[in-house]
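Two complexes are shown next, each including chain A; its partner changes from chain B in the first to chain C in the second.
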Partner chain A sequence: MSTIELKQSAVVRRSKPSFSARMKQFFQEVWNYRLSYLFLAPFVITFFIFIMLPVLAAMGLSFFYYNGMQTPHWIGWANYQYLFSQDTLFLQHALPNTIKFAVIVGPGGYIASFILAWLIAQLPDRIRLWFVLAFYAPSLATGIAMSIIWIPLLSGDRIGYLNSFLLTLGIIDEPQLWVLDKDYLMTSMIVVTLWSSMGVGFLAMLAGVLNVDKTLHEAGRIDGIGSRLQEVWYITIPAMKPQMLFAAVMAIVSAFKTGHIGVELSQSNPTPQYAGNLLVNHVEDYGLIRFELGYASAVSVVLLIIIFIANRLSWKLFGTKGDE
Partner chain B sequence: MKKWSSKFILLMLGTLLLCSSILPATVQAEVMYPTFTRDSFGSIIFTQPPYTPTVTLGNELYVVDEETGEQVPSPFQNPKDVFIDSKDHIYVVDTGNNRIVHFDENFEFIRFITVDDSPMNAPEGIYVNDEGHIYVADTGNKRVIHLDPEGRLVKEIHEPASRYIPADFKYDPIKLVADNRGYLYVVTLGGYQGLLQLDPDGNFQSFYGANLTEFSVLDAIKRFLYTEEMYANEISKLPGSVSNVAIDSNGFIYTATAGDISENQIKRLDIQGKNLLKTSDELTGSGSTLTFGEYLRPNYVSGRLVQPQLIDLAVDRNGNITAIDRSYNFINQYDMYGNLLFFWGGQSSPSSSQLGLIKNPVAVDVNSRDELFILDDQEGILQVFELSEFGSLVFTATQLTNHGYYLESEQYWQRVLDLNAQYAPAMMGLAKAAYKNEDYVKARDLYRNAGDQVGFSDAFWQIRLVWFQERFSFFATLFLVLGFGYLFFGRLLKRLSFMKRLKEKYASSQSKFMEQIRHVFYMLKHPIDGFTALRYEDKGSYISATVILVIAYISLVFQQMYTSFAFNKVLRSQVDAGSILVQFAVIWFSWVICNYLISSIYRGEGRFRDVFIGSAYALIPYILISIPLAIVSNALSLSEQTIYQYILYGLYIWVGAMFFWKVQSLQNYGVGETVINIFLSLFAMLVLGVLAFIIFGLSNELRMFIYEVYQEVSMR
Partner chain C sequence: MAAVTPKARRFNPFRRRSKLFGWDTSQKVITFFLVILGLFMLLPLVYIFNHALKPYSELFIFPPNIFVINPTLSNFTELFVVTRDSTVPASRYLFNSILIAVLATGAVIVVSALAAYPLAKHRFPGSKALFSIIIISLMFVPETMMIPRYVVISSIGIIDTYWGHILPHVAAPVSVFLMKQFMDQVPDELIEAGKIDGAREFGIFIRIVMPICLPAVATSAILQFQNIWGSTETSVLFMTDDAMKTFPFFLQTLTQNLANSVARQGAAAAASLVMFLPTLFIFLVFQRKVIATMAHSGIK
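== the complex of A and B ==
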């Protein structure tokens, strides 16, 4: 038994070429396909310079103390230690706020965009375009909409639209500070973000719904599908899994990445009592206001890890497996 | 009937004080009434009396009879108000005798105040300012009179003329206070507009501190549906009218409100007339409203709850509020933030009169020695209470805590807790002291006993932080190792796949029971097919259903016991597994029976067996999630509440959906039919409950009847 194993391993070892030989072979292959690599080069180079390098630099900087002026000096895990064990701003506000925001806005926006995409897909072709435009526009024009719709709507005085409306109905008896009160700010942020969340993910879903083969529906009906709900569950969703995955990733990334909404709504930075302070605000606070760039890098690395884990989760849920 | 002389009582109290200084906290004066408070979880508990009665005033008053020249007794007649000025002098409005009776700080009679050149007519309220100027609400003459310290008339204030006063406003002043500027705040009889604010010359300034009309859902529906004419025929809804007013040493004005209102019976008003007495967030001041007025068990008159009617209140120098309630006859004490300290009194027998028992309290005030004065208009006496040892401990400690001296308050609270182990404010005080002292473990346990989830969560947050700080390097390394391990060895692990082997072994077992258990996991992924399989492929049995039910019950108890206190306001020792079992069994079995009966008359195809097994299998998500969730909740504080609630609501929705699919697939319904079936089943459960209640009640009556007949026969 053992002799056989030994022989086998010896065979394996013999069949492997030496490292230098392998490298040589690799470069030989690269040279053979040099034209393809030339075509790839512009993308690879820009990707490396503008995306890979900053990410790697952030990861590296997160172990340094760096204030933008002096030479960074190595402090090891100290940034992370401070972040997770002493930074009460992060632990009490930024992290719980981000979790709350992402957990509601991510899946909420995702489900809403699926439902809307499905509903719009049921419309006749001619008016569908206009509906798509109407739902897609908010995600394009958030900045303008913010100043002309949401700020007057949520204004804290008696003549703010929402206050005025609720006062007329007699539901409240004094104006509420919708964006300045720490109890309401987060809710306002969530509502506004949900409103503007019909972005690329929504378009992808719409394309997915429209792409589903009509014959599948007919086949399903013959096989005994009774209701629209079953049709969605058994045909539409399985058929558009790639688009669902894409939309999920977009939804999660954008939910974690959003940061300015609280500042824009309350028009104060930091937001009142840090009620709307998200991770991105925290990064900006340390990076662009306090110039503790090393620490800000550590926070952004944590954000990156959170997004990565959330993405893995959505792959697990929506990714197509080998047998499907 | 014993008539205790005041000297005897003083002697007794003297002995008591002596005793208590030698043997602290063992002797309590016996008083004639029980005192209550609420424990941390809202249930009523007995407590030591905070006050002991000392003397009564007003039954030894004499006037000189003008004809005979003799001293004749002249007790209070229907007195309405008592006021104690800054020098602790006592003024009693003796309404029936149209006079004010003035006592000094040692309860010695000084004088009667009668305004001879313009006699009072049934005065009901009085206020005396720091200079000794007296303001009287002369209700019968519809005026307020201002007297100088000697009792000479300075000014009469009649109904002010202003176009802002509505035409139907009735100027019947009953109570009043004045602030430092000399502005008067007058309570008028039934004045729902609030207090009448008058400037020192008696000109109308504004209405101040009006109450809000309580507006229910039913009212909203009426307003939405009714035509204008129908709405006009409704009884007009008015806000509760202010019944009394008080002012504290800082110049805050307090109002008590009577009427059919359920909250904000006591308000502390700021300069704008906005209520400050709310459970408030320390920084923003936003918060929910408070309810005042306690009772042991609610009274109902023609199906409506009798609300406590607070008719007077007094605020002591530390801001503690004492309010008297005419409908339940309780004297309620609250601290400056409106937390209940004590309540005592209650209905007393009308025939007996004893020191300390109050038949019909009408007015209350407190002096600078923390003695409490309660005016009883039925007996016509003013009763004086002084703080007991327990009471003074509580008051000292409350004052320290409310001013932020947590550490200094600790020893007092500790002594209070030694006297009454369940006294919630003491536990809160000690918890705050421990938190301030950074003894977070102790603070967490105390907050738990005090029933404060927010405090508990904050203390836990600190504990968790310290725990994490101590082990940071370990976690950092662990994270790195796991991260790299996942990246490099993830594939290797997959190939190792002892899991797969385990699965195969598990799948190969041929026992029927194992097959049924395996079906449980199949059902999580394919609920509709799974339920159909239960029906047609014999995948479930009564035994497996019973096993699932037992596990569901265990997880229910587990969840009640081991969910973090931050999310589940129950003490572990209070969890009653028996009552959970009864509730669970009653609800589940009545669902099974009702659902089966409804389905069988509503074109359903399921047998009883299917409904039974299906309803058990629908609880599977609950079993799988609730126990891990309960364990995880112990690592969460309220700042991560979102995660907990997200999972919990998800769980409820999942279980609900399982029940829905159960009905749909077992009975072979469409979606609409399923919805109707579920609603009908729930309705049938309601009917079953009512029926059980009636049968139980009637059979109990029958049993009593037979028993009485038996007794009647056996006695004769």
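== the complex of A and C ==
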């Protein structure tokens, strides 16, 4: 690579000027990297056809009124205007709920994943796999996990595990409606999501922790690192930065894209008094139930922008610490 | 690591203490803590196995028993009887599913690795923009994409073909992102050294870069197999011919609309175990690989 880069930098220094010269230089550079584009071709082609085109089409639909049957007709910004001025469901429930949910679940799941990945990496080799299996189990068996563990656990009558436990201890006097009461539903949703947040980010971080060169730890000890915490902070985390970043992005994206959990827990759609109504529920409500696909597209575009901003914020926070 | 030195020196006393407690004690404490937590997290898996073995008298208890009291194989016989009578033989669905899951997972791995390499190691015009687009595409919720996606699939004429099952899965932004992050860790000096030794770009990719990012490959394989094996989306949206649909779709037709009925609940319990086993198998095989490769080599 370096020879090519050298050639290019030489070209850059020499040429300033005319448009055609710059174009020529650009194409020259593209041609120099033709092998890179060849490597990328299969992905970029399938990505463009099966992901980019549908996403762009969906974004375009947000400027139309479209009910899935009649031909869409252009209404400009009307969907967005309605969304931000009159859609009380969005403004009072979906938006604040989503932000509250994501602010806790995103960083919470991220930190929990890292701590568990690190702890597992400290174990002897032979038993490690079984612990990874245990913590990844909720992600492996998503739907089943919900109905089996949490619905009976949080059930609102006296036989619900949590209620009967707290009643015996005398902490509460009467059964609480953990998933049907609007004051508790959000908390239940957050707890359950945190429980199942050891997903692909967790696997990536585990591989990252195991990947850290052992000699680095020795070097650190010679340099005077005493406690384990220092070792994690000064050696492990900097050495696995790419995996940390991957896990952070995935944590943010999945925290905002979660939607079914409230419905599954309370077993009613919409959730009681919209207490568990998230942006994804809002999209599905309009897209799959009311068949106002243009409007649903507008909501998902807004969700995309929110996730994008959240990502930028977190990269800023991380960026200050590292050297990249 | 230069920044470490001044701060760390002050904590020198800790060094003795950590030696006093020793490596093994801390391992024991961590193990104990993880066992408690792990057992709780493992419950759904234990439940899937036990539920499939429950007789009808135990299937409907609420709150459900995690462990089966009188295990029986009758649910599997029931599943077998139900599947035997279907117009398209169940083996056809199973064949479709295995073929699609294996081919599509393989394709995702190859395509993602090929794409991740230049993104991580070449600074070609447009690399930053392409990477941002890939990340942003992760952020769009799929619900509103369904109709445009159908239009795309039908206009290139792959409805009712295996291509219709496989191609929509091939571009996987998550896998590209994951592999790119691992490839970032491959030192440039290693690649330079390979070049000096006369390796071509492709040789470097196969012999230097891929071995180092094997953990990412294995992790992607787990993730993608899990998604593709369990996915009913392509069967529902892009297949009209019954013989082209997949096993999970078939099991869904058997067990759906059963929410409040008693009939076939046993078959449903057995079916969820049958669906789950391949995922578990793939997870164990590939995760073992991740842990094994790690134990022997690190990035220098």
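Note that in this section the second predicted complex is superposed on the first by the 267 of 324 C-alpha atoms of A that agree within 3 Å, B and C clash if a C-alpha of one lies under 4 Å from a C-alpha of the other, contacts with A are read in each partner's own complex, and residues count from 1 in each chain.
Throughout what follows, contacts are C-beta pairs under 8 Å (C-beta built on N, C-alpha and C of every residue); 3 or more make two chains touch, one makes a residue touch a chain.
Bear in mind that the values here come from a model prediction, so they are computed numbers and not experimental data.
Undergrad: Putting chain B and chain C on the same copy of chain A, do they fit or clash?
TA: In the superposition, chain B and chain C stay clear of each other.
Undergrad: In the overlay, answer first, second, both or neither for which of chain B and chain C A:227 touches.
TA: Touch status of A:227: both partners.
Undergrad: So, does A:127 touch the first partner chain B, the second partner chain C, both, or neither?
TA: second
Undergrad: Taking the superposition as given, does A:30 touch the first partner, chain B, the second, chain C, both, or neither?
TA: Touch status of A:30: second partner only.
Undergrad: If you stack the two complexes on chain A, which partner ends up touching A:181: first (chain B), second (chain C), both, or neither?
TA: A:181 contacts chain B only, not chain C.
Undergrad: Residues of chain A touched by chain B versus by chain C: which partner has the larger set?
TA: The partner with more contacted residues on chain A is C.
Undergrad: Let me test your reading of the model: by the given contact rule, A:195 touches which partner, first (chain B), second (chain C), both or neither?
TA: second
Undergrad: For A:22 in the superposed arrangement: first (chain B), second (chain C), both or neither?
TA: The answer is neither, since A:22 touches no partner chain.
Undergrad: State whether A:284 touches chain B only (first), chain C only (second), both chains, or neither.
TA: After superposition on chain A, A:284 lies in contact with chain C alone.
Undergrad: Going by the contact rule set out at the top, does A:57 touch chain B (first), chain C (second), both, or neither?
TA: second
Undergrad: Give, as a whole number of angstrom, the minimum Cα separation of chain B and chain C in the superposed three-chain arrangement.
TA: 5
Undergrad: From the superposed pair, tell me which chain A residues show up as contacts to chain B and also as contacts to chain C.
TA: 226-227
Undergrad: Enumerate the contact residues on chain A facing chain C in the complex.
TA: It is residues 1-2, 5, 26, 29-30, 33, 35-37, 39-40, 42-44, 46-47, 49-55, 57-58, 61, 68, 116, 119-120, 122-125, 127-138, 140-141, 144-145, 148-149, 152, 155, 159-161, 195, 198, 200, 203-204, 206-207, 210-216, 219-221, 223-228, 230, 234-235, 238, 242-243, 245-246, 249-250, 253, 256-257, 280, 283-284, 287-288, 293, 296-297, 300, 303-304, 307-308, 311 of chain A that touch chain C.
Undergrad: State the interface residues of chain C toward chain A in the complex, per the touch definition above.
TA: For this pair, the touching residues of chain C are 1, 3-5, 7-9, 11-15, 17-18, 26-27, 30-31, 33-34, 37-39, 41-45, 47-48, 51, 62-64, 66, 110-112, 114-115, 117-119, 121-125, 127, 130, 133-141, 143-145, 147-149, 151-153, 156, 167-168, 170-171, 173-174, 176-178, 181-182, 184-185, 188, 191-192, 195, 201, 205, 215-216, 219, 222-223, 226, 272, 276, 279-280, 283-284, 287-288, 290-291, 294-295, 298-300.
Undergrad: What does chain A use to touch chain B in their complex?
TA: 77, 80-81, 84-86, 91-92, 96, 99-100, 103-104, 170, 173, 181-183, 226-227, 229, 273
Undergrad: Taking the complex as given, what residues does chain B use to touch chain A?
TA: 212, 215, 281, 283-284, 286, 461, 465, 468-469, 472-473, 475-476, 639-640, 642-643, 646, 670-671
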